[in-house]
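Think of it as A, B, C and D in the order they're written, each chain with its own count starting at 1.
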Amino acid sequence: MREAQADALSADDRVFIMGQELGEYGGVFRATEGLAERFGAHRVRDMPIAEQSMLGAGVGAAIMGMRPIVEVMFMDFIACGMDAIVNHAAKVGYMSGDQMRAPMVIRTQGGSGTHHGSQHSQTLESWFLHVPGLAVVVPFTPSDVKGLFKTSIRVDHPVLFVEHRALYRTRGAVSDPVEPIPLGKGVIRRRGDDVTVVGIGKSVGQAQIAARLLEEEGVSVEVIDLRTLVPLDVDLVLESLAHTHHLVVAHEAVERGGWAGELVSRVVAEGFDELDAPPLRAGSRPVPVPFAKELEAEMIADERLIAQRVRQALGMVEYAP
Amino acid sequence: MFRLMYTIRRFEVTMERAHLEGELYGPFHSSMGQEAVSAGVCSALRLDDVVASTHRGHGHAIAKGAVLGRICAELWGRSTGYCQGKGGSMHIVSMDHGFVGQSPIIGGSGLLATGAALAFDLNREERVAVAFMGDGAVGQGVFHESLNLAAIWRLPVVFVVENNGYAHSFRAEQMQVNPDIASRAAGFGIPGVVVDGIDVFAVREATRTAAARAREGGGPSLIEAKCYRWRGHNLGDAEHLYRAREEVEEARRNDPLERFRAATFDLIPPGVLEEIEAAAEEEIDEAVRFARQSPPPDPLTALEGSF
Amino acid sequence: MREAQADALSADDRVFIMGQELGEYGGVFRATEGLAERFGAHRVRDMPIAEQSMLGAGVGAAIMGMRPIVEVMFMDFIACGMDAIVNHAAKVGYMSGDQMRAPMVIRTQGGSGTHHGSQHSQTLESWFLHVPGLAVVVPFTPSDVKGLFKTSIRVDHPVLFVEHRALYRTRGAVSDPVEPIPLGKGVIRRRGDDVTVVGIGKSVGQAQIAARLLEEEGVSVEVIDLRTLVPLDVDLVLESLAHTHHLVVAHEAVERGGWAGELVSRVVAEGFDELDAPPLRAGSRPVPVPFAKELEAEMIADERLIAQRVRQALGMVEYAP
Amino acid sequence: MFRLMYTIRRFEVTMERAHLEGELYGPFHSSMGQEAVSAGVCSALRLDDVVASTHRGHGHAIAKGAVLGRICAELWGRSTGYCQGKGGSMHIVSMDHGFVGQSPIIGGSGLLATGAALAFDLNREERVAVAFMGDGAVGQGVFHESLNLAAIWRLPVVFVVENNGYAHSFRAEQMQVNPDIASRAAGFGIPGVVVDGIDVFAVREATRTAAARAREGGGPSLIEAKCYRWRGHNLGDAEHLYRAREEVEEARRNDPLERFRAATFDLIPPGVLEEIEAAAEEEIDEAVRFARQSPPPDPLTALEGSF
């Protein structure tokens, strides 16, 4: 992430970064370490705690031709800046009849696993499928982070770029120079014959673990990483289903109202005849994320739930929500 | 400046009529009575300075130079409107004139202007961003966030609060203990001044000072322009529920246009203002004709321009 | 609505109302007219424009035992108070291990049709399905408004109560005294044999119009009014499908990421075998709501779209998203 | 008061150790160095007054009277914790003691306290609500919204800003032009005072004044307590990136506990404080034992209690 941002700052004068703890501190997850020194405190700007105006000022700068990267430290705090994103960033271009655009990357990270409690552990990207005007990117591998970021900072629209806390330490080969990855193109991470499991970000890794578990049970799982939710690569999923005829959609977000519902609905509408069994979703239970590890494990969707949903989709065990 | 003020006044009168006659639709917020603020502020700016506005923004757009025909066409929902019919009365934008948009989300204009000023600062441009806001915006948290950001980064912003006495039915005194909105400035370490918003010269002077300060790197200022909203909050507002007709009549005696006439009585030869009026009226008539003759947008364009 | 609120204020000392334009003005849609006079300005409180603190103070009062009704004038402004709703109202009860509760009714209204433009016309209730902790109520008939409100103000959890601007003038018989209607129970508004159309609020009326249009084409439509989105009456929909075997879910909200995706996914998972054809959604196109009437008509889901989706669901015409 | 301060100090030391030894998990924000604010404020309150707190809330909870064993058990994620393991360190609640919760959403405590005060006002109860906040909260819009609401409705709220010099790595001077946070109060027409947050008597006195004023219908006050955060922002914080070790050492010489000792040297017989210390330590040990021996929550309880 750090390199992706450094590249963007070097490549384009219009790029700058705003957020909390970015400067001397280098970001709470170290994604901006050293950048303030290298590019100056005016281009890597530390912010008071004021999400709405940070994002709103991002919009104001973007319509004047800049390309802000605005970092919201925890995705939960997006609720504090929702108006700037939903009513301003996503709409000013359209409402103006395209006289202006608001190209900006809103970086954030979310998810469970660090026991921060209900107000610091949410996975909220699904809201933004429902907000026309924003692209939504949720990378999984380090090289995708770079490739998708490169595209995101160049796109003429606002992009919500969601990282997962648990993935900051993931290592992986990154080509140099990295190629920009188009938005709206998923990839198959693992080939399989019996069922397609679709995820984004951390869920892709969990799907891969689930696939290994299921292999021992004789089930062959194909894993798709969508990489972006808006645009949504339904075609890739339909292609895979033409082969596997079974679908499980996995996300850590609460299942109720989550983006899996969108994908399932699209797949059903456009590929009903390919389906040999109902597509199932593997999302978290509808409660806030609790603190204690025993409680969290009960409600968060993980590789065990994904594996179970696969068994249910294949009729190996009976479905229970 | 008289031309601007008169144009705004006539524009509001004309649009109001078109609305009442059923030719226009959607909400309509008249800026009648507040012409001196629009004209005074914008005449103190340069062309490449920018202005962000509110739901009550016709006067601001006109004063910043936006073309009347295209504003009208937008109000009419026509393809030739500034936003090709996607915006309407509360969303006029003219990037060519540095009118960077209205935000009818109360407080939103402050964010847009602060961000624009941040862009100027990053690019080391000597440009100024102005946020028009109503007195109602002072209740919003983002108002304070904007002041604070602009203050700590010394951004070239002028926050202009048009205190027209009401936020819809709510009187300014009900919304804050300290009735002078300008007093909020001190907590943020920036200058805050009160001006008579009926006096276009006073407004222009205050804006000049604030804009010059901003341009020289002196940071933001807050100007509170005290004025009065002549019309209801919007067309169809049940005004009588919260203010007496007498109060409005009394306030209307303090007319910014008459004030200008009185102040310039000795300076402007007879007939000159009348000529200006006639020209402005002609321009508005022409704009209305343009709007009426323009075609509606192609419905399919609704689906373009968004992710 | 006015009567529902008056009843609540009379019946329970703990109830009070906060919002803009409520007192002397009686609410921009007249839903609080006369209430300030009758119950006093301390119980019907006019607010400065400050959505976050209005909602946040509602939470603070609720945890001390009050039952606030907080009115957000346009649903779009919920984005300005999202943190108070999502991070506080919905979570404080759970996080505290049930030591406290935040019973409050958040009233709002949204939707298109008055040409207010992109920032004043959104339909956003779908977001809140994804926020565990909140009930979501969207009444259609005047008597449901009263009956559901009566329940909402008594429930020990926060309730989002969404009205539609276009329905403020609807008239209809209201029994006196009105019975509280349980949350999570839909009703069948019209019996039919060929297809089930499910909606809430204004969409139910549109579904009824569409049903009449389709009758002329020989199609018999069953119309279900869900009344609440959380809890969601999936059982009623499944029962209806056992008879009609075809489903269309209608809402004015943008289709992408909207609640129809949740219902379709649930129905598919729990009633796949009842379906003779893919369930379809009738929602608005993924753009902000534009001002001009020609443009709005193109993107907003209405009775014509519902009718078209029904034809598609029945295979009378081919499906196109 | 000494007992409270000493308990808070030892509690933080003990929990920090348990964390480092891997017995506790999740984020941990120590309030070490700020004990005089917690103790000074809460000892000026009545039992039925309420307190809303922040991410750095152990001291506030203890000072308001919450039971140590149940706090500990919550930190340990046990079923006997105040929130049955659903809350954790940033979400302690004890309704029995008027500790109505922490909001680690910066600025959130102000909203909760304002709302609680609104309830008191509606019910004509003579109770006071206190919001503890960090200096970081002053950047947030809702901070100002809360002040304004409380001011116009004359609600019984005391806003206590613990200005400990830092919002994580960010120094107060970077976040606002005017370094005295108390100066924000004037714009809202309410009293704002600065107190020495190391001096528990000064804090108590200021709180008494503000609480009495609130109880008598005089409305809200803002108290800025200047203090210093001894520990990193959280456990594991890379403090060296933004402050020098010497700065911390210097600040630690100004210890609220030592200040108390010095101030009371002539008044309290020798040995008394030592006895109090021993009792406090015993209480903490007992609390830890209770937490350790408590069972973890039944996983299925995770799915209860929410719509």
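Details
Simple rule for what comes next: a contact is a pair of C-beta atoms (placed from the backbone, for glycine too) under 8 Å apart; a residue touches a chain by one contact, two chains touch by 3 or more.
Quick caveat: nothing in here was measured; it's all calculated off a predicted structure.
Shared contact partners of chain B and chain C are A, D. Work out the mean CA point of chain A and of chain D, and you get 35 Å between them. Per-chain CA centroids place chain A at a distance of 28 Å from chain C. Centre-to-centre, using mean CA coordinates, chain C is 40 Å away from chain D.
Rounded to a whole number, the gap between the C-alpha centres of chain B and chain D is 45 angstrom.
Residues of chain A in contact with two or more other chains: 47-48, 50, 52-53, 76-77, 80, 83, 87, 90, 94-95, 117-119, 132-133, 230, 286-288, 290. Those residues of chain B in touch with two or more other chains are numbered 83, 85-87, 91, 103, 105, 139-142, 145, 148, 152, 174-176, 305-307. Viewed as a contact network, the protein chains are fully connected, with every chain touching every other. On chain A, the positions that touch chain D within their shared complex are 20-21, 23-26, 28, 46-50, 52-53, 76-77, 80, 114-120, 285-288, 290-299. By the touch criterion stated above, chain B contacts chain D in their complex at residues 139-145, 148, 151-152, 174-178, 183-190. Contacts from chain A toward chain B in the complex involve residues 16, 42-43, 45, 47-48, 50, 52-54, 56-66, 83-84, 87-88, 90, 92-100, 132-135, 157, 230-231.
Residues 52, 76-77, 79-80, 82-83, 85-87, 90-91, 94-95, 117-119, 124, 126-133, 230, 253-254, 256-262, 264-266, 268-270, 272, 277-281, 286-288, 290, 319, 321 of chain C touch chain A in their complex. Every residue of chain D that touches chain A in the complex is listed here, in rising order: 25-27, 74, 77-78, 83, 85-91, 103-107, 136-141, 167-170, 174-176, 238, 241-242, 296-297, 299-307.
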